[in-house]
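In this document, chain identifiers A, B, C and D correspond to the written order of the chains, with residue numbering beginning at 1 in each.
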Amino acid sequence: MGDLIEIVVAKYNYWIYITLMMIGLYAMIVKNNLVKKIVGMNIFQTAIILYYVSTGAKRGATIPILEHGHDGHAHVIHAADYINPLPHVLMLTAIVVSVATLGVALALAIRIYHRYNTLEEDEILAQIREK
Amino acid sequence: METITSIKPLLAVLVSLLITPMLVSSRAPNVREAWTFVAAVAKFLIVLSMLPTILKGTEIVYTVAEFLPGAAIKFRVDALGMLFALVSSSLWIITSAYSIGYMRGLKEHSQTRYFVFFAFALSATIGVAFSANLLTLYLFYEMLSLATYPLVTHHQDHEARSSGRKYLLYIVGTSIGFVLPAMLISYNLAGTLEFGKQGFLAGTGSKPLMAILLVLLIFGFAKAAIMPFHSWLPAAMVAPTPVSALLHAVAVVKVGVFSVVRVLTGVFGTDLLHSLNFGPFILLIASVTILVGSFIALSQNELKRLLAFSTIAQLSYVVLGVGLLSPKGMTGGMVHIAMHAFGKITLFFCAGAIAVATGKKHISQMVGIGRRMPVTMAAFFVASLSIIGMPPCGGFVSKWYLVLGSLEAHQMPILFVLLFSSLLNAAYFMPIVYRAFFCRPAEAMFENRVQEAPPFCVVPLVITAVISVILLFYPQPFISLATMVVQGITGT
Amino acid sequence: MTILGLIIVLSTGALLIYATVDFPAWADPASPASLHLSPHFIERTMEETSVPNIVTAVLADYRGYDTMYETTVIFSAGVACFILLRILLREEPGESLYRHVLTGVTIRVKEGAKIPPSADFERIDTLWAPHDLIIKTMCRLLIPFIQLFALYVIAHGHHSPGGGFQGGVILGASIILLAISHDLRTSVQRMREKVDALLSATGVFIYAGTGALCLLLGLNFLDYSALASVLHVDPVTARSHGILIVEIGVGIAVMATMIWIYSNVSSTGKYDEGL
Amino acid sequence: MSQQYPALLVIVPLLSAFMISGAGWVNKRLCFPIAVAALGVAAYSCIGLLLRVLDEGVIVYKLGGWDPPVGIAYYVDHLNGLVLAVVSVVAFLNLIACKKSIEQEFPEKTGPFYTLYVLMVTGLLGIVVTGDAFNLYVLLEIAALTGYGLLAMGEERAPLAALNYLYMGTIGACFYLLGVGYLYIVTGSLNMVDIAHILPDLYQSKAVLAAFIICMVGVWLKMAFFPLHAWLPNAYTYAPSAASSLIAPLVTKVMIYVMIRLILTVFTPEFAFNVLAVSKPIVWLAVIAIVMGAILALAERNLKKMLTYVIVAEVGYMVGGAWLGNRAGMTGAILHIVNDALMTLCVFLVVGNIVYKLKGYAFEDLKGLVRKMPFTMGAFVIGALSIIGVPPTCGFFSKWYLISGAIQAGQYAFMVALLFSSLVNVVLFFRVIEICYYEPFSEDHGHGHDHHPEPMAEAPLTMLVPLFIVAAGLVLVGIYTGDIVNKIIEFAIPKGIV
């Protein structure tokens, strides 16, 4: 029983990000309103960003910016002191990508609204079937 | 059996393709027909030029594109290929002359398309004749079925549309459904698709697998019109007569039978068929087709449908001959390809001439027609003798060999089938001829004025009738080719 | 549909959680992620690119190719929004809202009708836009400082958290603040659409251009040490300057694209009335 | 200059995209020439790269001068050399063919359209050439975003179809990103080859298994593999003809390339085929994809939608072929990427011509087309023959490999599915050809006078020449399959697969 709790303590944050992802995915699949689907998509992408950033965490390490004082670069840099920069770089890209996708999705939603005067998917499909 | 490589086979195939631009661009119909004629004669001469080398026993090989070891687009002219190419290229000359008369006679529309696709079909036929392996044969087989589709549906009316659909469904469907998997399975078993003297499947697979492959390959080539897959042939009679004359009497159906013969000799090999005793199975399906085809032909009223069912029956003679697996039988089968071609094409020409001259299609309307078109009906009589297998015509030679073959193979039932079917042939041909000439004056539907079809139609059918008579006395090129093939196979 | 959604979500969730069993513990210094590549970045960045902020160094130099495509993503999103929404053909303007400056009364003008241009009527975007002097003046005061801070963020990407993207977004936000507080027409009047589109193209062009320049100078694409011969400085600081140029390019591109997307989306392509 | 090909083939289109966008505002006529020049250079460098790969083997190109695991690197081997050449040539031909239809459909927005077009091609070329897993995600997003923009420019239902495509595409891309994340947390590296070196002793770990499944589901979603194909038919049908004839032949094939890259390089075939016993169920999924794709195509009454379902079936071919696990199946899958790209381009260009001339693509509008547009219909027949799999054309040869792979692997269901789909294709395409060949004459009987043929309203020359080049290419690739397989694909598949 002890190690079960130990595992849970060590991994609980991954489970949180996964549940967040699943909420986003659920919203995207099930929600009827197009904008709510876009919101779900955003939750899903943000959860993945959170997951990536958590892979970079290091206990007892500070942000990856070296205080380089003006006395030149005498002291040696220990990797353990700084957290892992790579996931942060990747997530800068992922954030930008999610913003771009959001922008295009909203543009499409506006075009659909102009065409069908509604954002509810079932109403739109009803209009299409009428034609 | 040494082989020499020369470009001639490729030339023979391509010559009719090369003239298509000239055909399309020629303004006057005469120029177009002249070009078709030139192409036909050129093709025949190229094939003829290869005859002496083949008769000496050498084979001509030419590789176009090496695609896989053992599966390339490659030509190999051997005796069997030469026999079939000789028949179809010579008949193309006569048919192109005939179709000029026929198309002009009935003032058909879009004749350019007709001649272009005719040329395509012929180049595909020669391609099948000269193919060295199952892949090249399949390639030209498909090309032929696609080239003949616009010919069959030439009239573009509802009837043509439905028969075109049936034509495609049967032929392209069976070729993709049966031949493609069989080809791939045999390629995986044997590693090659080249037609060997004794076939390349010997000892590569278990008996049931071989049985499956045999069934797939025989029924896959639906152009051989073997019984369950034959009903596209009567439906294709909707096409103009020169098409059904050359294609559905000579080129297309013979390609089917030729492919089946190639499969039986080149893919399986007679020894393998003997050891697994598949012979009786082949004989069974062939004789079923012969008998049922002849019976249905008896009941037909439309002349062209009667000829179609008679073709179905006659084709299975070739399969029967090869199925006997005896030297004489195989020779008889192969020679029958040539004999039946000349006989049947004359009958179709007569049907076309009658349609051009009197517009009649049904036998019941042809009572006393001999008075009006004596020459045509005389040729009709001669050709029907050749089909029945009576002495004065070439058909007798192949029937003779077939009978000897069945005796040699100790297949008494086959002997009975041969004789009974000849009887049936006579039963459905002779009444037509009798009623044409010796009907009572009262029922005669035609006055005595002799009014033949235009010369362009009559001359070709007389030529082919004469040839089928000559073939009895001088069957040399075909007999020698056939015996050479059989010697090659049985090694005697 | 909901059951299907539930099944999919639960099954993927179960699979993902089941897989976390083999994960290293959270923030464990000995996890593969922090033993394989990161030590190299942390220890070697200072001597290879002389840029204290490792994230900016990795962002613009080690994985600079990624970031170039990231900026291209933003640019293509801008172009996509433009092509989807923008209505270029000038059909007659729909109904518009005017407000009488002194009394605060709003007037709705039907299509086609015109109001004689006079000082005391001002056009407003939407009915509920409050006429609020405080907001307008406050924003007018704040915007220059926001822009100044944004420039600081871009410039100090080397030493402090920040860089092209963050600075660019803040710059874009300052112009969008202008569009929200006043109205889209004033912000469009400040930053023409054509200038905006050209700026976003040039921003990314600067980025890819410097990379192509390194290519022309003989080394591989995006290898800033090739700039040493152009900038007459040793290769390591050339890398640092290369990163700075690239960050500026990114800043410009992101700013312009943010404004472009905002003005297209908020005015649904008509560019006359914002939010 | 030649060792810079890997960089050139992506950078030149990228830089030109920004120039086109600028030119769009400054002077519209410049856009098309820049686009053609850019894609021409890209195609030239792709082919040059392929030739270099043929005689030098794998080429590594270090971006930014850093060594691979630290920086991003390209690994150009035979597989992606071949796919690169196909993608760039298809994009180049399609650009020339679509100039007129672009100017006809949205005259005032040609600048941005060309920008998105060239960016899309850059994204696709980048996906094929990159050797870094995360970089592939970013390029995936570029191709996706530009795809949404291009597809949404079509008829009235296009935005809705594009939005659905956006949802499914984003889920797919995020799944792929999550898969890479799972790989990263267990291996610590993002470089494909580097991951492949670290993975062998992690084969039993559950995270790698989950990463594999998630990556596969993501890639299948993006390539519209059957159960996840709902977005493709509408997205491609209502798109403008220029966009659909660019995206239809390329995006699904590039995603299949990504799947094969994941199997062969990242997860190594030893893991994909032996450790996981997944190939049989996946081949069964492919069988369902082929059969359902064929059946759904039969039910369609409009040409473009029918073709999209044919694409769904073709995706089933390639996924099934890749997952047969033997050399013949994999060769068939890779060869089918090349062939299917050409076939789909040929057929969609024909639809483009028809829409350019007749504005409609439902079966009723196609009546009597053989007389009105003989050359276009000639190319359509060649394309149809290739999709059916008739020998001289290339479709037959890739089906040949796929079926022999199925026979060797004992997956007879896959072989039956392939034959069934070929037969259904026969019915599909000859039904269309029949409509185009027959309709106007049906009322009066064939005989009789030679009636007045309608005037030949053929598409302009700039649309016909690329179409003929592609049709001729179908036959040429078919004939030279032997060389393509022996010289290129033979080395593309690692020795591990027998």
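Just so we're on the same page, a contact is a pair of C-beta atoms (placed from the backbone, for glycine too) under 8 Å apart; a residue touches a chain by one contact, two chains touch by 3 or more.
All of these numbers come straight from a predicted model, not from anything done at the bench.
Engineer: Which chain pair is joined by more contacting C-beta pairs, A-D or B-D?
Structural biologist: Looking at contacts between chains, B-D has the larger number.
Engineer: Please work out the Cα centroid separation of chain B and chain D, and write it as a whole number of Å.
Structural biologist: Whole-Å distance between the two chain centres: 43.
Engineer: Take the average of all CA coordinates in chain B, do the same for chain C, and state the distance between these two points in whole angstrom.
Structural biologist: 75
Engineer: Could you put a whole-Å number on the gap between the CA centroids of chain A and chain D?
Structural biologist: 30
Engineer: Quick check: how many Å separate the C-alpha centres of chain A and chain B?
Structural biologist: Spacing between the chain centres: roughly 71 Å.
Engineer: At least two other chains touched by the same residue of chain C: list those residues.
Structural biologist: Where chain C meets two or more other chains at a single residue, that happens at 12, 16, 20-21, 23, 31, 33-34, 37-38, 41, 63, 66, 69-70, 73, 76-77, 80, 84.
Engineer: I need the residues of chain B touching at least two other chains; which ones are they?
Structural biologist: In chain B, no residue touches two or more other chains.
Engineer: Would you please write down the residue numbers of chain D that are in contact with two or more other chains?
Structural biologist: If we look for residues of chain D contacting two or more partner chains, we find 134, 138, 141, 145, 148-149, 152, 159, 178, 184-185, 190.
Engineer: If I apply the definition of touch given earlier, which pairs of chains qualify?
Structural biologist: Every pair of chains meeting the touch criterion: A-C, A-D, B-D, C-D.
Engineer: In their complex, what parts of chain B are in touch with chain D?
Structural biologist: Residue list for chain B touching chain D: 64-68, 72-73, 106-110, 135, 138-139, 142-143, 146, 150, 153-158, 160-161, 164-165, 168-169, 172-173, 176-177, 180-181, 184-185, 187-188.
Engineer: Residues of chain D touching chain A in their complex?
Structural biologist: Result: residues 134, 138, 141, 144-145, 148-149, 152, 156-157, 159-160, 162-163, 166-167, 170-171, 174, 177-178, 181, 184-185, 190 of chain D touch chain A.
Engineer: Once bound in the complex, which stretches of chain D touch chain C?
Structural biologist: Within the complex, chain D touches chain C at residues 4, 7, 11, 14-15, 17-19, 21-22, 24-25, 61-66, 69-72, 108-109, 112-113, 115-116, 119, 122, 126, 132, 134-135, 138-139, 141-142, 145-146, 148-149, 152-153, 159, 178, 182, 184-190, 198, 205-211, 213-214.
Engineer: Going by the contact rule set out above, which residues of chain C touch chain D in the complex?
Structural biologist: Chain C reaches chain D through residues 12, 15-16, 18-24, 31-38, 40-41, 61-66, 68-70, 72-73, 75-77, 79-80, 82-84, 86, 88-89, 194, 197-198, 201-202, 204-205, 208-209, 211-212, 215, 219-225.
Engineer: Per the contact definition, I'd like the list of chain A residues that touch chain C in the complex.
Structural biologist: By the definition above, chain A touches chain C via 7, 10-15, 18-19, 21-22, 25-26, 29-30, 54-61, 63-68, 73, 77, 79-80, 82-90, 92-93, 96-97, 99-101, 103-104, 106-108, 110-111, 114.
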